[in-house]
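Okay, handing you the structure first.
Chain naming follows the written order as A, B, C and D, and within any one chain the residues start at number 1.
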Amino acid sequence: MPIQTKSIHRTLDDLIRRVWKENVRLKASGLVTMTWGNVSGIDRRRGIVVIKPSGMDYATLRPADMVLTDLDGRRLEPASRLESARMPSTDLPTHLVLYREFAEIGGVVHTHSTYATAFAQACRSLPCLGTTHADYCYGEVPVTEIMRPSAIREHYEANTGRMIVRKIRRLRLQPMVCPFILVANHAPFAWGANPAAAVENAIVLEAISKMALLTFLLDGRRTGISQALLEKHYLRKHGQSAYYGQAQPGVPIHGNIHPRH
Amino acid sequence: MPIQTKSIHRTLDDLIRRVWKENVRLKASGLVTMTWGNVSGIDRRRGIVVIKPSGMDYATLRPADMVLTDLDGRRLEPASRLESARMPSTDLPTHLVLYREFAEIGGVVHTHSTYATAFAQACRSLPCLGTTHADYCYGEVPVTEIMRPSAIREHYEANTGRMIVRKIRRLRLQPMVCPFILVANHAPFAWGANPAAAVENAIVLEAISKMALLTFLLDGRRTGISQALLEKHYLRKHGQSAYYGQAQPGVPIHGNIHPRH
Amino acid sequence: MPIQTKSIHRTLDDLIRRVWKENVRLKASGLVTMTWGNVSGIDRRRGIVVIKPSGMDYATLRPADMVLTDLDGRRLEPASRLESARMPSTDLPTHLVLYREFAEIGGVVHTHSTYATAFAQACRSLPCLGTTHADYCYGEVPVTEIMRPSAIREHYEANTGRMIVRKIRRLRLQPMVCPFILVANHAPFAWGANPAAAVENAIVLEAISKMALLTFLLDGRRTGISQALLEKHYLRKHGQSAYYGQAQPGVPIHGNIHPRH
Amino acid sequence: MPIQTKSIHRTLDDLIRRVWKENVRLKASGLVTMTWGNVSGIDRRRGIVVIKPSGMDYATLRPADMVLTDLDGRRLEPASRLESARMPSTDLPTHLVLYREFAEIGGVVHTHSTYATAFAQACRSLPCLGTTHADYCYGEVPVTEIMRPSAIREHYEANTGRMIVRKIRRLRLQPMVCPFILVANHAPFAWGANPAAAVENAIVLEAISKMALLTFLLDGRRTGISQALLEKHYLRKHGQSAYYGQAQPGVPIHGNIHPRH
């Protein structure tokens, strides 16, 4: 897959800089201890994914360290001059499964943010306990099933992506209507229309996870808010009748929203 | 409602700057994730409310972005030169209900601060568990009733304000004596004599919510402090016999204080 | 009580600057929300107490704002040039009771720090659950009895000091061996040989309160460490055989240490 | 043990600077209140240990304050010019036991970090509840037995080291495969191939302790993840088939890994 034309260079350069910037911002957001987090982005027209290199410190990260692959994880040709000598994040196969499966996704984020990870470790989904949650996610944040040993031993990272897809398909969720998930025994993934939106969703998930845990400490049996309140808040921010923000309707809804319960 | 005279310009300019400054301060206080918070202020003589624009990042917010409306939410004429092109906070109708109902209020704040929101999500009121609480609020911080679907579907934000007013009226509270409330399944509102006082009350509510949640973790059945201690601390800071601070009596009490229980 | 000689000016000036500095440091330590904290110091030879003015913002506080009184709370003469025009902290009478009762105390701190206040609100003493606690306090941190309404209505702040003294006397504690206490339904007080030591003890109390609350979440029935471990850690840092730090024996023990249980 | 050659000076100078730097970094990481933490490093060829001086503020710490001893705790000769006039950390004997017992250790860290200390105070081990934990530690983080009074009264710090060694030996753990432990009623120790790795492990232990405590709040009976997931994550980062980071296989595994249960 040789890349030669200037315009591609320019487009990809822009994506590389944005993915780099969002990785740095993710660290600055306080969601990431050590190097436990990565952001990727995709150029859908070229089928090229840009992702953080594995295990590198955010403080020394430069745009040139970002790794480029196609949707099957194959590295770009060295001659492309955009090629990094780095190894990609080990979570790359999980990102790729999500990009291949959900055409509307433009950015993916993985973190081990503390409160969302607590829910993932407890293998508990996150019910919609308030309007903060409803503003971003139409219903419960699901937790994946626990992986079988055979799925762990071979192609673990790709299988993590498949567990996410399976859970979303089984619940008949639209990925942009619930832009994050908890991977059982592991940690959260978040996504969005672009890398910046994915990082915002990762920040939101951590905030609503903390609120939910504290709510459970006050009342261990809370279940969820009414369907009317869920709809009101979600649709206030998303879809054709949205009226939050400066440019409504801001975020298109892909297909119809159906309550899950 | 054309606005022409210089003096009005000067007065409104001052209010606009103060509302802008308090929005920035609210963000700096750590109470606000993303854009989940807004401050408004009112010029009672002119009947003009100034409020944060919807969904805008605090880092780029300028005084000129503030939105001006009358008490019914009608925008000022563009010719006024004070007109912002922005959309107001979606919570504007809630603020307006509070301004119309409580003449002593000069500023209103809405946040989704973590601990106060946990109480709101648990639909639990905040009993007065200590003197920190008693210094600012004469008794329990109430939580509103859960909204009916019909009240959610139409005029949701104005109805949120009405739920707040109803709860305060039913408990025969004076709004300045309990300057905040928890909206069930949602988050807190706070107010004060001016925008700065409203922001301070929002900060206080978050602090006493965290203290109360931690107190419940140590003793789940705490109820509240004695009437004598509540009165002592509240009146040490408020009313004619106040002796806290540098300019006593600092904060006038509107009417008599009556214990609620 | 006219103050005229230069040397007194110099000594008092030094104390004023140190009390001012420790108030600023207390705020910077993160223990103080709003203006909920104050530090005082005493010049034992002159019988003069220096304390923070009431309700003033730490950011604008200057040494000249510090208030000077004698041990009965009488202000110094204006002619002294060290006189501040400010009102003293409303908690001054509590500080004075402690200075009058405990001759070894050189500084007093009051805060509403979150975790220590949670224990005070829960009316729970803080058992010594680990060596962090034992390094600073020889045994349980007591909580005072709940005040009777009559003691609240008249001379409340002085009575708060008397409740502290009564609890310490009843437990036969030496104040420097347990340099902090929890006032029931209120918040903590801490003290030390000087204002800086008092602030350090306030910071320590908040840290061990947080550790204790988290320990109780893991095991609600923890009681305390062994007498041997308590003695070892306390005496490693305090008394004639202390061997912690750069200048042992660093902190004299006043009298003998006796276990309380 | 006179030290004369230039090359030794250079090597030791480098170790002294690194130990100093890691002590400063430990403080900056937020794990340390007051002076409750210390880092040491070892020059195995010379048998020289470098450690923080006792009770000194990190803000004023300079490389020249670091203390040098041999593996039995004997100070270097003053003539060495590398000699510090400071007293070493009182925890030095614990560090020395670990260095003598585990040849693969190049750095040791002791902190009273809040969440790890809560587990230590509760005398609870930290089961592997998720992949964050599995990435750094192959199985449960053990807690030592409670010390007998006789072991506390004499050679307390060395006996603390012996309690750590005994627990690790009894569980047949390899120290690099579980690079931290909880000392009952006290606080954690962490170690690594060098001082920087030891500090990283101390940071990791605090993070996974917080995650575990929050997980227990959501489900008090969690036990641990599957053997397959534990192996996958640990071996993704450690040993010959590691594929995390930029230079695999990054961390050698000493001997074979065996599950403990």
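Keep in mind that, in the parts below, contacts are C-beta pairs under 8 Å (C-beta built on N, C-alpha and C of every residue); 3 or more make two chains touch, one makes a residue touch a chain.
This structure is a prediction, so every number in the text was calculated from the model and none was measured.
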Overlay chain A and chain D by their C-alpha atoms and let me know the rotation angle in degrees, rounded to the nearest 5. 90
Same or different: do the copies chain B and chain C touch each other through matching residue numbers, with over half of them shared? different
In terms of CA centroids, furthest away from chain C sits chain A
From the mean C-alpha coordinate of chain C to that of chain D, what's the distance rounded to whole Å? 35
Rounded to the nearest Å, the gap between Cα centres of chain A and chain C is 49
Junction residues of chain C - those touching two or more other chains: 217
Tell me, which parts of chain C touch chain D in their complex? 129-132, 200, 203-204, 207, 210-212, 214-215, 217-219, 222, 225-229, 232, 236, 243-246, 248
So in the complex, the part of chain B that touches chain A is made up of which residues? 33-34, 36, 53-56, 86-87, 90, 112, 114-115, 117-124, 146-147, 149, 152-153, 156, 185-187, 213, 216-217
